[in-house]
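Both complexes below contain chain A, partnered by chain B and then by chain C.
Let's look at the complex of A and B:
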């Protein structure tokens, strides 16, 4: 017990140190599997309380980065510090700070919903006197109170995801790692989850999240990095990324799949940038309506036209390309 | 492990007396470093509880069936007059330790295969605790501890039934419960290392049952002394944890007369195999979970 008291004091004195400015610092973080470089020298820092996103196509290195932050996968080179600790030498100490929501649920399906929380809390050495009321509180938070006694395999996908999030909160972590938290969920379930995550953010929990849903990133992230092929392509807030890599508005025109490819030359000079896709032509412009008027003025008659605000998706596709990644 | 963390003053004021705070991450880590294996064993035992009835039925039903069929039924056909054939004891007393040991080994063949595959691949249950302060070694150790407890419980039930049948004449018969547990680990831990290395289920475990466990069960001096077999198959017994365990069990349950050197060899063989299996398992868990 005296050892534990000692370490408790150490950790509280640490919180006053300057190490706590950033809860996570990665420098030149690299991970290779044989010949494959999954993460290729990325650097970033996350201050306490921020919602920080990693965006990228499949295979970009997001999950590998998350595993290294989570202290379960050793880096090949570079440096990494979580709450001032190196996860390589202080794995259990680092993991004790974290709550982790993995990409695939790994709940104990044979156990009942509430028991999943209790058992997980035990891994942190938390006593039952704490865990019982905490489990009830978290079930309430995850809107699973009336499922407390159900077996896990009877839950829907969204419920399992919420239970996984509740489980990750059992040790009251100040850093939550979420690897594609809403993939595979229906819109209702996603919105409930976003709401829960937003509340945690309000409580000052640092959120680190990977996603390939751009609306999710815009909703939740204060700042994000776009990762592709293991490297950082861009970094900033959603709004600043849109400002930097896209225009304010986008004009989408459809001329029919045969004409789309050839119409490019005739649209030259309208807007700031033109992108020809198989099904439509995108004109990036500050003022979409004005661009549309210019199109009409040239005597061109698109089948459909749509003016919309630029989104993170435009930035993402511009930075990571439109070819399919499998 | 039951002390209550004291709620901070602020919390008690603002959110009611029921609110408790988790202890600090440093405390979590210190406790996990110390007790982590036990924490994971607790999880495995909770899961076992969900099929606890099967465990008890297996523990009681199997010995009753075997002892009746073999020890009572088959025994009427076995020549019990040749006093030296079965060490001067009844056929029932001769096979009882063998059945006890075999049951533990068969349990090992179940508990150290499918659940391990479940942990790494099917439902990925090891990856939950792996994200907590627990280490891969502790997850492996916790799994083993829980199964060891099952060996002990099941063997104790088995032994109680054997004793009720009057098939354990010596006062030291209860030691065979420990021997059975050791034999289960000695067979099970190398198997666990193998199970942890399997990436794709192609029916390997069914093959292990059919081509390893069953021959070992039949040719390990289980139903007849090993030396009544020709040398061509006798080696199966020599490398079999069931044979080494059974011979040890016989020493304790009816004072089977063998050279003390051989007794020591049995123990060294069983312990050696278990330790080697543990080292390999540990390495495999660290490697696979750390990927």
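Let's look at the complex of A and C:
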């Protein structure tokens, strides 16, 4: 399915006729730093109201793409349009539409919690009469009302993250850029954040999200691209990617570290695909239980076995490989 | 609870919608005010000590060298040939040095730190602010601080009986002129810096300029070639300008000193403006 068809399917409920309402269009977007090509000719379009994910290992070019969308990093070539504007020639105007949650919190440590929101709003040229009630509303949203007068460095990691997200909403953005929004958060904080992001999506905010948590991508994204070494490896909804690049179920077998490597030959022919890892063997199959019965029928006795549904993680690892990336 | 509910009314929220519909170039959003307001708020809620130390530094020099060393130096010849105390001789020079130091610190180390460590500018530049708003706001704040210091130091000179003419009040705006010259250049130079080691080069230039720009003794002690070198440096013009103002004696050289700084400001602003993308957008 082509890029355009996918987008059309996703938002056919929102738009009538042929005219798609893309809020972001990137074509052949490329960024090089000296000899290093961080982003290597990627193209994608995001319709209004979609939650769009950029997945990829470290150094895949996700953050660089985010920076180019915000107009704070200049592209080397290709074209980019945000709300119909080029972020390079209309940086301040493009960013008036954006809310940005960077990978690392860059809250203003010299200001108190509520002042962070007020001052940030001033950067957008918004009047105090609007900002005062808005700041209180956002503190409520981020569950930080009782911290309004605290210093920023007294907040926990989760609180800082929520404040950063609250801050990104001060200008009522149409597009929210979230660069690994939940990295470093505990499970409670992550779930609170997901809940907040869901609500924003319900209100029609377009979410652009980078993450390397596959469960997060499955939870939040309508559609995503898997990026590796600056290129798009795959594109689609989480479900369609699993259908396309993995099987319905995965059978995980452990024969002990010694035998895992050699057992592969004996398992040949079971399931659709076999993957041998140092600690376990993965059999990709439509029916995991049936595959397990075939294993037993061959007289093989794994130490442990587990049948599970295929996840986006399987897709991700298949596409981007299992070797460590720095 | 609905955080963005208002933006979904037909026509959108008037305030945020209006903010979105403003049109700017790529670098400037006519919102220097917001950067200045942030700076004032940060100063209010955080570091008073840093502010105070910046004020006391030239005062301590003045007491130690002017009063202490002055006791053995005695009276010296002022700009018009008249006899003045050693303290009165070095006080305007110390004011010029303090204007230079403050402006250079604010436009180099401070900008470098906020850029690379506090990540303050990254946050700012993801809003409607353009790099030029940030640069102008920071330079304005540096000059405002310089104005306060100059006013305080001039008052101290008055209390110590080192002021003999009403013209001396002009040292305050002249100090701001000097600070502007250094600040506009400093920020442009910072755009070339990548590491702390490179930042140290700034001190390497500043310290000799402080010691040798006729700060503590007249230029005439040097051989001619060294004199020319010193006279090419910006600080010497600042020292001479303030020294002339402090005793109310103006010569054609006064215009040259002022002109030197006007040219420096123009070139510095051009340099910084041309380097804004390199400084803030990478």
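What we mean here is this: the second predicted complex is superposed on the first by the 306 of 326 C-alpha atoms of A that agree within 3 Å, B and C clash if a C-alpha of one lies under 4 Å from a C-alpha of the other, contacts with A are read in each partner's own complex, and residues count from 1 in each chain.
The rule we apply is simple: a residue touches a chain if its C-beta (ideal position, glycine included) is under 8 Å from a C-beta of that chain, and two chains touch if they have at least 3 such contacts.
If you're wondering where the values come from, they're calculated on a predicted model, not measured in any experiment.
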item	value
Three-chain arrangement built on chain A, chain B and chain C clash or fit	clash
Contacts of A:293 with chain B and chain C, given as first, second, both or neither	neither
Partner chain(s) touched by A:110 [first = chain B, second = chain C, both, neither]	both
Chain B versus chain C as contact partner of A:186, first or second or both or neither	neither
Chain B versus chain C as contact partner of A:88, first or second or both or neither	second
Chain B versus chain C as contact partner of A:96, first or second or both or neither	both
First, second, both or neither for A:133, with chain B first and chain C second	first
First, second, both or neither for A:279, with chain B first and chain C second	neither
Chain B and chain C contact sites that coincide on chain A, given as residue numbers	70, 72-74, 90-93, 95-98, 100, 102, 104, 106-111, 115, 119-120, 122-127, 130, 171-172
Contact footprint of chain B on chain A as seen in their complex	3-4, 7-8, 10-12, 33, 70, 72-74, 83, 90-93, 95-98, 100, 102, 104, 106-111, 115, 119-120, 122-130, 133-134, 167, 170-173
Footprint of chain A on chain B - complex, ascending	1-5, 18-33, 35-36, 39-40, 42-43, 46-47, 50-51, 123-135, 289-291
Complex contacts: residues of chain C adjacent to chain A	1-8, 13, 15-16, 19-20, 22-29, 31, 33-35, 37-38, 41-42, 45-46, 118-120, 122-130, 277, 280-282
Residue numbers on chain A that touch chain C, as the complex places them	70-74, 88-93, 95-98, 100, 102, 104, 106-112, 115, 119-120, 122-127, 130, 137-138, 140-141, 169, 171-172, 174, 199-200, 203-205
